[in-house]
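Next up: the structures, one after another.
There are two complexes below, and they share subunit A, which is joined by subunit B in the first and by subunit C in the second.
Right after this comes the complex of A and B.
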């Protein structure tokens, strides 16, 4: 059963279908959302755009759920999908090693060169110790995503899932369609 | 030395994405890791890269970082004595 949903694009943000106003465009809108609705997690500024997007979407989702608790739990999984893997972070890291005369590989850029880092960021923030996974698929396909999330509920531990689509090809092109699902008993 | 300390603070803020922080906010004698600025192990690696890039200092032994990155003042002193650019 889907309980809450968040959609984020460079142009608009919807929480449970209701628009959330912001002035900035592109990745600057993610920083604006962080400052206006979160603001207590400076590690946000170190993240790549994909992780920022997933982090903001999950925060808005969990704020919509209410009763935020940071108690450790195993019964909530984080299962995400996208098309471009960690392309933006890969490109940023490549820029630090492209020029042989200016070759300074950035450890901070390198740590984000895997798409599943975003699931880890969400799990660390919320102390989730359940399943985390990130799957790269050809395109957004609701059937594939829902099917995989339903399969995850076969696990006897998982009672709810933060799941959906978190995709970013560069700082100006991204899309999140994230939702909170609960197991139907 | 004061100018180097100020420049170093600016470079640390930029290299580590310490958003919302100004050089004046950093106490040059405060510890950089743990209680101080709360930096982590990735930040330590980034500082090693920053020292090589900006000052031509290549740390042969990464464990040296524990002593060198004690504070901005200690770091500035090490840079002043070892810089090649």
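Right after this comes the complex of A and C.
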């Protein structure tokens, strides 16, 4: 059962279908959303664009849910999909090794060259010991995603999922369509 | 029950599962030292396929070994792979990432997308379904099997083809070097003198289906779980939190005495092996033999969970607990049962355990003939 939804693009933000006003566009809009709606998690500034996007979308979902407690829990999973995996971070890391005369591979850049890091960032923020998973399909397909998340309730402990789509090809091109889903009882 | 109907491994140690198992059993390893390869300034030790052996200009090396591995697994069956009741799940961390190198221009840039790479594979086999790519860091290979189990349980598909793959490149090796995670010598899982991991190339395939009844020789994927440490994106938990919780679910109500072994991640980094010892102890499994395959293959990333499950199934078939190559003296806090020698067993179940960046961990319980 879908409880809350968030859509973020470089131009628009919708929470449960209602537009969230902001002034900036593109990557600056993510920073503005952080300052206006979160503000207490400076690790945000170290994240790659994919993690920033997924992190903000999860925060807006959880603010919509209300009663945030940050108590450790195992019954909530984070399962996300996208098209470009970690391409923005991959490109940034490749730039640190491309030139043999200027070869300085960056560990801080390398760690984000895995798309599932965003699921870890959300789990760390909220102390979720539950399932975290990341999958790639080449086109957004709601039927595939919903079916996969319904399957994830076969886990004996999972009762709710932060799930959906979080994609970014570079710092200015991104799209999140994430939701909070609860197990049908 | 979710049953394994066919499998294959393509690695530097062989191009089918039996060759791979025979090589591992006899203590062979493909780990070699490479100095100056791919223009990398630092030498490294890795288990690599001979790049010159891949001559098909239509496909990248990753795609070629995936296609070869799946073909060999399918040949053991009479599955109609063109049917919409067959799903492909590919497990990979970096796929064709080498295409980001500006000097690589043989293949279209779009092949860097994992979904495009996977579609090349399904197109090759004429399978009509959209392939799912699991990219969940180093635990991808077990996650992909758990996904397969769920898709089969839900009845949507009759067969799921799971293939794990990663092929090393300057991108991956330099990244792990920048992390100071690579061992300058052949890796020593769980050893007091372990200095880090080695990387490796491989593709490995398991085909699963659902059956109501199984015979004594069939392998059943019983239950698995994925859990997060909620601690750090690149360092394992000091309490083995996610690994412990995944283990607890995989074990369920099975008595630990029924396990032949736990095939651990055992990367031979100081932190990973220590974390696993904590998790295994917390799960009440410190008395169960533990082994690691990394001394034979290095860390094959997206392939590891599939490859190591296949090697472990064959070991149980052979009544064997494989030795941990590179291990000599226990160097973790909790007293795990690790040996560098093969040992006999008559037990019929094992747990495959993995952990990875992003704080993720996965465990999978496999039982020959199912749980009685």
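Heads up, the rule we're going with is that the second predicted complex is superposed on the first by the 185 of 185 C-alpha atoms of A that agree within 3 Å, B and C clash if a C-alpha of one lies under 4 Å from a C-alpha of the other, contacts with A are read in each partner's own complex, and residues count from 1 in each chain.
One rule holds for everything that comes next: a contact is a pair of C-beta atoms (placed from the backbone, for glycine too) under 8 Å apart; a residue touches a chain by one contact, two chains touch by 3 or more.
Predicted model only: the values in this text are computed from it and were never measured.
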Just from the overlay, do subunit B and subunit C fit on subunit A, or is there a clash? fit
Figure out whether A:87 sits in contact with subunit B (first) or subunit C (second), or with both, or with neither. second
Go through the superposed model and pick first if A:131 touches only subunit B, second if only subunit C, both, or neither. second
If you stack the two complexes on chain A, which partner ends up touching A:70: first (subunit B), second (subunit C), both, or neither? neither
State whether A:107 touches subunit B only (first), subunit C only (second), both chains, or neither. both
Touching A:123 in the superposition: subunit B (first), subunit C (second), both, neither? second
Going by the touch definition up top, name the partner, subunit B or subunit C, that contacts more of subunit A. C
Just subunit B (first), just subunit C (second), both, or neither: which does A:98 touch? second
Looking at the superposed set of three chains, what is the minimum CA distance between subunit B and subunit C in Å? 7
Following superposition on chain A, which residues of subunit A contact subunit B and also contact subunit C? 105-107, 111
Which residues of subunit A touch subunit C once you look at their complex with the stated criterion? 72, 74, 78, 83-85, 87, 90-91, 93-94, 97-98, 100, 103, 105-107, 110-111, 113-117, 119-121, 123-124, 126-139, 141, 144, 147-148, 150-152, 154-157
Which of the residues in subunit C come into contact with subunit A in the complex? 39, 41, 93-95, 97, 100-102, 112-116, 118-119, 130-137, 143, 147, 150-151, 153-154, 156, 170-171, 174-179, 225-234, 241-242, 245, 249, 356-360
Where on subunit B is subunit A touching in the complex? 15-20, 42-43, 45-46, 49, 52-53
Spell out the residues on subunit A that touch subunit B in their complex, using ranges where they run on. 42, 45-46, 104-108, 111
